[in-house]
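Read through the structures below before going on.
The two complexes that follow have subunit A in common; it is paired with subunit B in the first and with subunit C in the second.
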Partner chain A sequence: MTVPAAMMRKVLLTACAWLVALVVLAPYVQMLLTALKPHEELFASPPGYLPESWQFGNFLEVWRVAPIWEYLRNTVLIAGLSTVLAVAVALPAAYYTARRRFRGRRMFLLLVLVTQMFAPTALVIGIHREMLALGLIDTYAALILVNAAFNLAFSTWILHAYFSSIPVELEEAAWLDGCGTLQALLRVTLPLAVPGVVTAVIFTFITAWNEFVVALTLTSTPETQPLTVGITAFIGQYEVQWQYLFAASLIAIVPVVALFAYIERFLVSGLTAGSVK
Partner chain B sequence: MATVHYDGATRWYQGTERPAVDSLDLRIDDGEFLVLIGPSGCGKSTSLRMLAGLEDVDAGRVRIGETDVTALPPKQRDIAMVFQNYALYPHMNVADNMGFALKIAGRSKDEIRQRVRDAAQLLDLEDYLDRKPKALSGGQRQRVAMGRAIVRQPQVFCMDEPLSNLDAKLRVSTRTQIAALQRRLGTTTVYVTHDQVEAMTMGDRVALLDEGVVQQCGTPRELYERPANVFVAGFIGSPAMNLRQGRLTEHGADIGGMTVPVSRQARATAASDGDGAVTVGFRPEAIDLVGEDEGVAATVTLVEELGSDAYCYTTFRERESAPGEVDVVARIDPRKPPAKGETVHLRVRPDETHVFSTATGARIPG
Partner chain C sequence: MRPSATTTGRVPAGRARPRRTARLEPLLWLGPALLLIGGIVLWPVVEMVLTSLREISRTGVPRGWAGADNFSALLDHPELVPVIGRTIVWVAGIVAVTVALSLGLAQLLHARFPGRRLVRWALIVPWAASLVMTAIVWRWMLSYFYGITNRVLTDLGVIDSPRDWLGDPTIALLWMMWVGVFVSLPFTTYVLLAGLQTVPDEVHEAARVDGASRWRTYWSVVFPLLKPALLVATVINVINVFNSFPIIWAMTRGGPGNATDTTTTFMYKLAFVDQSVGQSAAMAVVNFLMVVVMVLLYLRAVRWKEIG
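== the complex of A and B ==
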């Protein structure tokens, strides 16, 4: 390729990337601009793109008009604990199915996959009855269990794939070097499965963070409602307080973005490179 | 340091029709270098892994020194293994790879550092101690795998085709290095390979396996000079021994018109317990090219020149009723090789033939 052609290609690719980014980010920009408008401007006709008077105070006001702190705390606890639970259960299942050949192994893995095919919405009534019977309505436990269960299949599969890709000789070498089964797992296998664990954590955490339908059904008080449910309070019977709704939504995005920015560095590929020829 | 004793050790994988290793009986002396060799799938790795504790022993026992290790987990056997694909820990640098077992055993940091450095010096790895395995060449990785084994000063080394991932030249130099290192350390070693040159050059003794059964175990010279059966005769040696079915006659054995000398004793034994049908073997170097009125006339089909040696592939038509052809490979003087298509006269030297029973394949002594 000639130099100008290479340049051209680079410019074009960059332009395309920016275009995609723009399309993806546009709704967020709209949210941000709306969140900065005073209430009267929201229904102005014709609507303006930029606020005429910038209401940065909306972002402070929103904490006062609704118990955002409580909602945020609930969301963090529910998403965090269901992630821990899902990964803790998926790890042994994935390890065992990757390392052992046993009767019904394929069947088990397929079954796990099948559970992914039901949308939460379709199951929500059954789940509600179940939690009612268990006396868990309007508790953290209910949402943690349900979120963990919904994400178990993905976590199991991704970890299964990771464990399968780690040569079994590495564990055998560790056994001969004096490790027990658990020690070999902790010192050799798990460190190499870190990208898989991180993927499972990110996926589960984000899905649980954004979960709405089940939380709406199972919770009824601000003590347990997560942010996704809590901010629906801004949707009133006669009007929607868009500026607060969007301000709260943007606040809800920040922790997830921060988590992703931090954890993404562990997603390096090729961790097992060089171990086996 | 210890002896290793396989006592009827058997491994039968579920759902297979015969044992992968069938009542293996082997005694390996303290400090000995034993090579397990055989064609692919004959049970070499399985035998080695039974010793290491990575494979169940379905029947029989395995002992290391005085200890019966049959039911012990790998970590209690004090064995170091070099895997075919090295199995280096990719998240640890070379020093940590080599010191891992000592760390698990709870040795002090100073001791670990010292022993790792000593091993690194021995293997010429001092400059690479901080590198991760992925930043090493194939040969360096192989040496790290060796280093990880010798740092531990274990009772037994197990090596499963440790050279098969190296290029041909490196394989030859590493071969001698490993053999020299083992002699120097004096650690009992079981070495698996499918390469007979490795087996012949490295082993104090060689055990040849086929279909999970030991065919012969002895010094490389014994296997070469007195193969116990047709399989051993055909497996050891390159190019392979000429093996032909023939009939006993008054002077020797007749293979399609060529008379091969056979000792009187062998003729007598074969005649007394058989129908006279034998399989005769003679190595390419047991053949002389002779003058026109001697030996048997054969046509040269191919000449393989290897520099120091040359091999002549010949064929001659059977003289008698069955009109087949007989192929014979002969080693010849590389300075005056015959041309392709030329006719040469072959004669097998006396005392250099091997006679086997065609029915059982077993060697007929003589």
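== the complex of A and C ==
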């Protein structure tokens, strides 16, 4: 290939890639521009591309017009506690299945792989019946248990893969130095599995943070509703307060996008259960 | 079970425990996980099947066994066949377009160009952002009078006058399918990117030495190597798209009537709008069986027999 042709190719390629980025970000830019418009401009037809008067105050006002603090507190508590529960339960299971051979090991791994494919959406009717029977409707406990249970599989898989990749000899050396099994795990293996733990924690947190269907079904008051469900209150019967709706949405989106970017390179291997190496 | 050299559990000498404790030991480590999976994932399945076989009052009180009544009522529902047909179009359409676009995108993002890191980060946004919020902003952008889509398309001269995109069921469904593609692209592209990274550079060089064109190299050499990644991405997408409730719920609620419902929103409306819990559970069981079939396909795709 001649040099100018190679240059052309590169320029074209770069332009295409940047165009893709633009298309992908467009809805979120529109979210931001809408959040910055005053009420009257939202109902201009045809709409303006940019706000005529930039209402940065909408991002402060939104906390006052709706119980955003409560929604956000609920989201943080639910996402945080389900992450702690899921990872705390996944850690011993992942370690044990990576290190020991025992009857039922394959059965257990199969169960985990299968549950990873079950979304709460398909089971939401059953979940609702169960929580009704347990008297857990409209409680944190219900949402924490559901989020933890449905994210357990991902955490177990990624931690299982991490533990399997750490040479058992390192632990054996610790045993020779007089460490117990548990001490060797805590002092030697776990520190080496930190990237896996971080990925499991962040991914579970984001999934729980964005969860919608179960929260929609099991909660009905601002005391327990997370942000994903709470913001739908801006959609009234006759009018939608788009500027606040999107200001609240952005408050929810920005932190998780940052976290997601941080674990980007570990994600794929975890999500595809180690089949794409 | 094949013992593997690196991970065989070797209990150090002098640590052998009495047999009984040794047999119970796995339960100690796996117990909490089993409890959580059993209690929160498997129990709802059982509960769902039982509910589908019961007569449930509108207030949610069981009134005794119904046999197959719920299922026959569901089969008689005039909307059932259109809803299932629409679900098939929904899943097949979104997954096919997503996979086709992702193959190109992965190739694009695999190449070196200035700002590659930033473009990859941009692609993460629809993946990380809440699905409901993304769907709501699309609904806003497609609004008849105030939406930016009509403004952009009229300014570009693509349309003469604004359209009510979400008012017509067919067009609304197409737009929602586009949103489905939009949120599925990042994951699929990332899986294919991971697949591309496994293709050794020597392969490209060997093909070039043999005088193959870029296109030929891709189809005869790279694409076959991508197949495992493609298969896994496809099956995971099928399951995700099938379960995709928030897009339709946020954009049209499956309406007008049931005109844009898929099986998931239909099931939800049966339970929480029409209050026919029994019929809804019957629909849920049907849905669940379809998911089970897809999971079996997934297990084949990841070649479960070879791992673990």
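Keep this in mind: the second predicted complex is superposed on the first by the 231 of 277 C-alpha atoms of A that agree within 3 Å, B and C clash if a C-alpha of one lies under 4 Å from a C-alpha of the other, contacts with A are read in each partner's own complex, and residues count from 1 in each chain.
What we mean here is this: a residue touches a chain if its C-beta (ideal position, glycine included) is under 8 Å from a C-beta of that chain, and two chains touch if they have at least 3 such contacts.
Given the structure is predicted, the values throughout are model-derived calculations rather than measurements.
**Q** Of the two partner chains, subunit B (first) and subunit C (second), which one does A:R106 touch, if any: first, second, both, or neither?
**A** In the superposition, A:R106 contacts subunit C only.
**Q** Counting only touches as set out at the top, which of subunit B and subunit C does A:L170 meet: first, second, both, neither?
**A** Once the two structures are laid over each other on A, A:L170 reaches subunit B alone.
**Q** By the touch definition at the top of the document, which applies to A:S45: first (subunit B), second (subunit C), both, or neither?
**A** A:S45 sits against subunit C, while subunit B stays out of touch.
**Q** More residues of subunit A are touched by which chain, subunit B or subunit C?
**A** C
**Q** So, A:A6: does it touch subunit B (first), subunit C (second), both, or neither?
**A** Neither: A:A6 stays clear of subunit B and subunit C.
**Q** Touch test for A:P191: subunit B only (first), subunit C only (second), both, or neither?
**A** first
**Q** With the two complexes superposed on chain A, say which partner A:L245 touches: subunit B (first), subunit C (second), both, or neither.
**A** Touch partner of A:L245: subunit C, not subunit B.
**Q** Both subunit B and subunit C touch subunit A; at which residues?
**A** 167, 172, 175, 271-277
**Q** Could you pull out which subunit A residues touch subunit C in their complex?
**A** Contacts found on subunit A: 10, 13-14, 16-18, 20-21, 24-25, 27-28, 30-31, 34, 42-47, 49, 85, 88-90, 92-93, 95-106, 108-115, 117-119, 121-130, 132-133, 145-146, 148-150, 152, 156, 164, 167-168, 172, 175, 181, 206, 209-210, 212-213, 216-217, 228, 231-232, 235, 240, 242, 245-246, 249, 252-253, 256-257, 259-261, 264, 267-269, 271-277.
**Q** If we count contacts the way the header does, which residues on subunit B are in touch with subunit A in the complex?
**A** 52-54, 73-75, 77, 79-81, 83, 85-91, 100-101, 104-105, 132-136, 138, 141, 148, 152, 165
**Q** How about subunit C: which of its residues touch subunit A in the complex?
**A** Residues of subunit C touching subunit A: 1, 3, 6-10, 12, 15, 25-26, 28-30, 32-34, 36-37, 39-41, 43-48, 51, 60, 105, 108-109, 111, 113-116, 118-134, 136-138, 140-141, 145-148, 150-151, 154, 162, 182, 185-187, 190-191, 193-195, 198, 228-229, 232-233, 236, 239-240, 242-246, 249-250, 264, 267-268, 271-272, 277, 280-281, 284, 287-288, 291, 294-295, 298-299, 301-304, 307-308.
**Q** Across the complex, what residues on subunit A touch subunit B?
**A** So the residues of subunit A touching subunit B come out as 167, 169-170, 172-180, 183, 188, 191-192, 270-277.
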